[in-house]
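In what comes next, chain A is part of two complexes: it sits with chain B in the first one and with chain C in the second one.
What follows is the complex of A and B.
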């Protein structure tokens, strides 16, 4: 069994069948790409893996633990889902610090290092509301990776990033893979998917099919 | 446009609005009959018609909220860069939204107009004012119409026109305020403040400043009372709309000025200022009757009950407690916003995350509450009041009075906090909070919460005259526990996709 498994999962949203009896296994240490047209359910798939959304039928298992009401959110998941989340009137560092304090696993220096890694200046006193889209995206990536999480779920992580940042993020993800991390990504840019992923799945007519590379 | 208005008219919501107005008009008609019968005054068709059309309570508590809600909804749904780029200017956008707003609001006025005419069935048609209309007393506002119009038919036309003109200018005001910042959150605050201004302006403002209250311009009788001339009544909203139109033309320059004001601190500054003004005004108006610190605290936290209510107390309650809840909502909306996913996964449990948020907000509410009470006490002491906590105004005495205000106000605020949380969790659209607090405000009106079972205003000192402390405690706890259980159920479901 992989690190994340979906068994016979079905999900309907607003009368639209997103998934119908889907089976999917993600193995540890892989970079897996999920592709599909807009509204096909990529984000919902990620949300089910994180415990935010329950499937109508079937089970989602993470590290051999079935996700259910009592055991809902998997541990050690770094996520970027839907859009960058931030507190607009705080600086980038303050935003990350607030999140880091919840688990209190990392110190200020580690937060600063993560910021530099994604291309942000930790000492920048600019409020996030004045950040460019790309900077907000980098901040979101920083929050997803800063606590050295084991599994990274990154929905459209390459959005709004400039050419150099895309390159740097790709290298970073490949380094994470070498460290044994499991990474799930979606991207509208097939280049990102081709350059990074060991496996690619396409959401097609409520099914998740493996795409031959 | 007529076709669109007709389409709007067929919506089910107008049936509901019509039903409410209908039952209210029956109540009004009954009152007219009973009053006229008691004093043996003759009445005719114009009495129920104009009583309904000029009823300030109906306007302020029912129609104005609908108008403000519709305006806010129009602004938020039509503020779209794709639309703006086609309309080419903010001015064109303002006119576009005004047209949309008018289409949506027009059926309500037609409905009110028709229902007011229906109320006249069975009464004699006369082309002169009845004895009832001519009567001058504190309740009957029809004598204002009688003094201005010789022909009772004339106000019909003017009244309808006034509704339209005032609504448009009110919408223009919200459009202008919104364009200054282009933030929905601030628009909701402004809409709430505008509503508060409408609710209390016409009762609290001294007669020379009554023209500043928007609600005055919705009824001919109140407007004549405030401004004396029928023409000025129309000139003010029309001029205001033109003024708003031109301000929008120079918006960019104005926005620079607006940026100077620290936006984050603005709600807190407004809240503190309102509290300070209220405390100052209350002291000025009541200093003859206030002898002890107990009297002073009681007057400030008197509040309203179903059986004993005054506009000043209602106004004060809304400022202190709904204002504070609104500040808490701003903070809550940050927590339940886009960052909540990233926090929840770190907590590993929604319950843990909620507990942190709940504790943080409860502490905030408690601290502000204690600060207000502390300020009131210090204000009283500095003004030389007898430091005794004894009072003749209420049966609560000494430490019981202070304990009641602290404990019950805190529990009541926790109730509002939980209701806000549930509303925000269900939908991040801010106008649902407006509806929530609109409903809660309605429950504060005289004669509504007669059994003391609605979870609003139960921390008012005056409520203790009608209900025991045990009763109030049970009701507040029941709602808190109920809300927590409801949240528990909500948290066990999927989050918003």
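What follows is the complex of A and C.
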């Protein structure tokens, strides 16, 4: 059994049948790409893996634990789903600090190091509401990786990033893979998928098919 | 959960919030005090105290209660920030902790607004000598309100119990706003409802000749003749039930949360 498994999962979301009896296994240490047209259910698939939404039928298992209403909280997941989330009137550092304080696993220095790693300046006093889209994206990536999360689920993580940042993020993800982290990504840019992924699955007519190995 | 509540309480004590709390506790009643201290005839400090928390604080009471913590929560709610708390803490625990902190802080700040005003009027103002008290004569009548029996025992006890009552109601109104933010699509509507409801109930109870049941008269009962104590619990209970119904109908049954 992989680190994340979907067994016979069906899901209808907002009236659309997104998944119909889907089986999918994600193994530890892989970079897996999920591709599919807009609205095909990539984000919903990720949300089911995180326990944010539940399948209508079937089971989602993370590290041998079935996700259900009383166990909807897989540990050590770093995510970027839908779009960045932030408190507009706080600085980037303050945003990350507020998230870090929840588990209290890392200190200020580690937050600053993560910010530098993704290309943000920790001492920048600019409020996030004044950040560019790319900076907000970098902030979202920073919160996903800052606590050395074991599984990274990154939905369109390359959006709005400049060429150098894309290159740097790709290298970072490959380094994470070497460390044994499991990474799931979506990207509209096939170059990102080709450069990074060990496996690629396509969501097609409510099924998830392996298209590249 | 207790740990999370403690964290949220500490997080809420930012410089910006402390300035806001200080404004509510000191400045709002001070503005009201400055408008009344030399324009009315006062016989006792307790009357100055009652006038200092009437009118302005009374009219904007729900706004003050909601202002304490709900805007901080909205800033997390509005821009998808809550999504990224969900991999770090159980969302239910997080939202319940926020709700409890909202009630606690609103209650404490509004309690202090009333209690500090009492301490000022009773102990500091006589030293400053701003108010000219008219000597009490045999012809001076006592104006009583629903809490007046306490004044006869001890003005301090009266102020303390009355401040607790205001704090409890502040927690109730702040909780109403909080659960409405979680339930409705429009944040503006959600935070407006406690204020609109407060004044709508005042209006309706006035129209139907039951001013003793208006939220204004049960919270600031200084312009209405003394009523039985149970009357003050009527609007309190109504709002408590509204909170419980909204929670039961919209929140407790919600299986999947999406934040916009």
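The rule we apply is simple: the second predicted complex is superposed on the first by the 212 of 213 C-alpha atoms of A that agree within 3 Å, B and C clash if a C-alpha of one lies under 4 Å from a C-alpha of the other, contacts with A are read in each partner's own complex, and residues count from 1 in each chain.
Keep in mind that, in the parts below, a contact is a pair of C-beta atoms (placed from the backbone, for glycine too) under 8 Å apart; a residue touches a chain by one contact, two chains touch by 3 or more.
Given the structure is predicted, the values throughout are model-derived calculations rather than measurements.
Colleague: Both complexes share chain A, so when I overlay them there, do chain B and chain C fit or clash?
Modeller: Verdict on chain A: clash between chain B and chain C.
Colleague: After superposition on the shared chain, which partner residues are touched by A:167: those of chain B (first), chain C (second), both, or neither?
Modeller: Neither partner.
Colleague: Quick check for you: in the superposed arrangement, does A:66 touch first (chain B), second (chain C), both or neither?
Modeller: Touch status of A:66: no partner.
Colleague: For A:44, decide between first (touching chain B), second (touching chain C), both and neither.
Modeller: It touches chain B, and chain C stays clear.
Colleague: So in the superposed three-chain picture, is A:53 touching just chain B, just chain C, both, or none of them (first/second/both/neither)?
Modeller: both
Colleague: Which partner does A:188 reach: the first (chain B), the second (chain C), both, or neither?
Modeller: Neither chain B nor chain C is touched by A:188.
Colleague: Could you give the residue numbers on chain A that contact chain B in one complex and chain C in the other?
Modeller: Shared contact residues on chain A (touching chain B in one complex, chain C in the other): 50, 52-54, 69, 72-73, 77, 79, 81-87, 89, 95, 99, 102-103, 143, 147.
Colleague: Write out the stretch or stretches of chain A touching chain B in their complex.
Modeller: The contact residues of chain A facing chain B are 13, 43-44, 47, 50-54, 69, 72-73, 75, 77, 79, 81-87, 89, 95, 99, 102-103, 143, 147.
Colleague: With touch defined as at the start, can you tell me which chain A residues reach chain C in the complex?
Modeller: 50, 52-54, 69, 72-74, 77-79, 81-90, 95, 98-99, 101-103, 140, 143, 147, 149
Colleague: Under the stated contact criterion, what part of chain B meets chain A in this complex?
Modeller: Contacts found on chain B: 264, 334, 337-350, 492-495, 497.
Colleague: Could you please specify the touching residues of chain C with respect to chain A in the complex?
Modeller: Touch residues, chain C against chain A: 4, 7, 11, 75-76, 78-91, 94, 255-257, 259.
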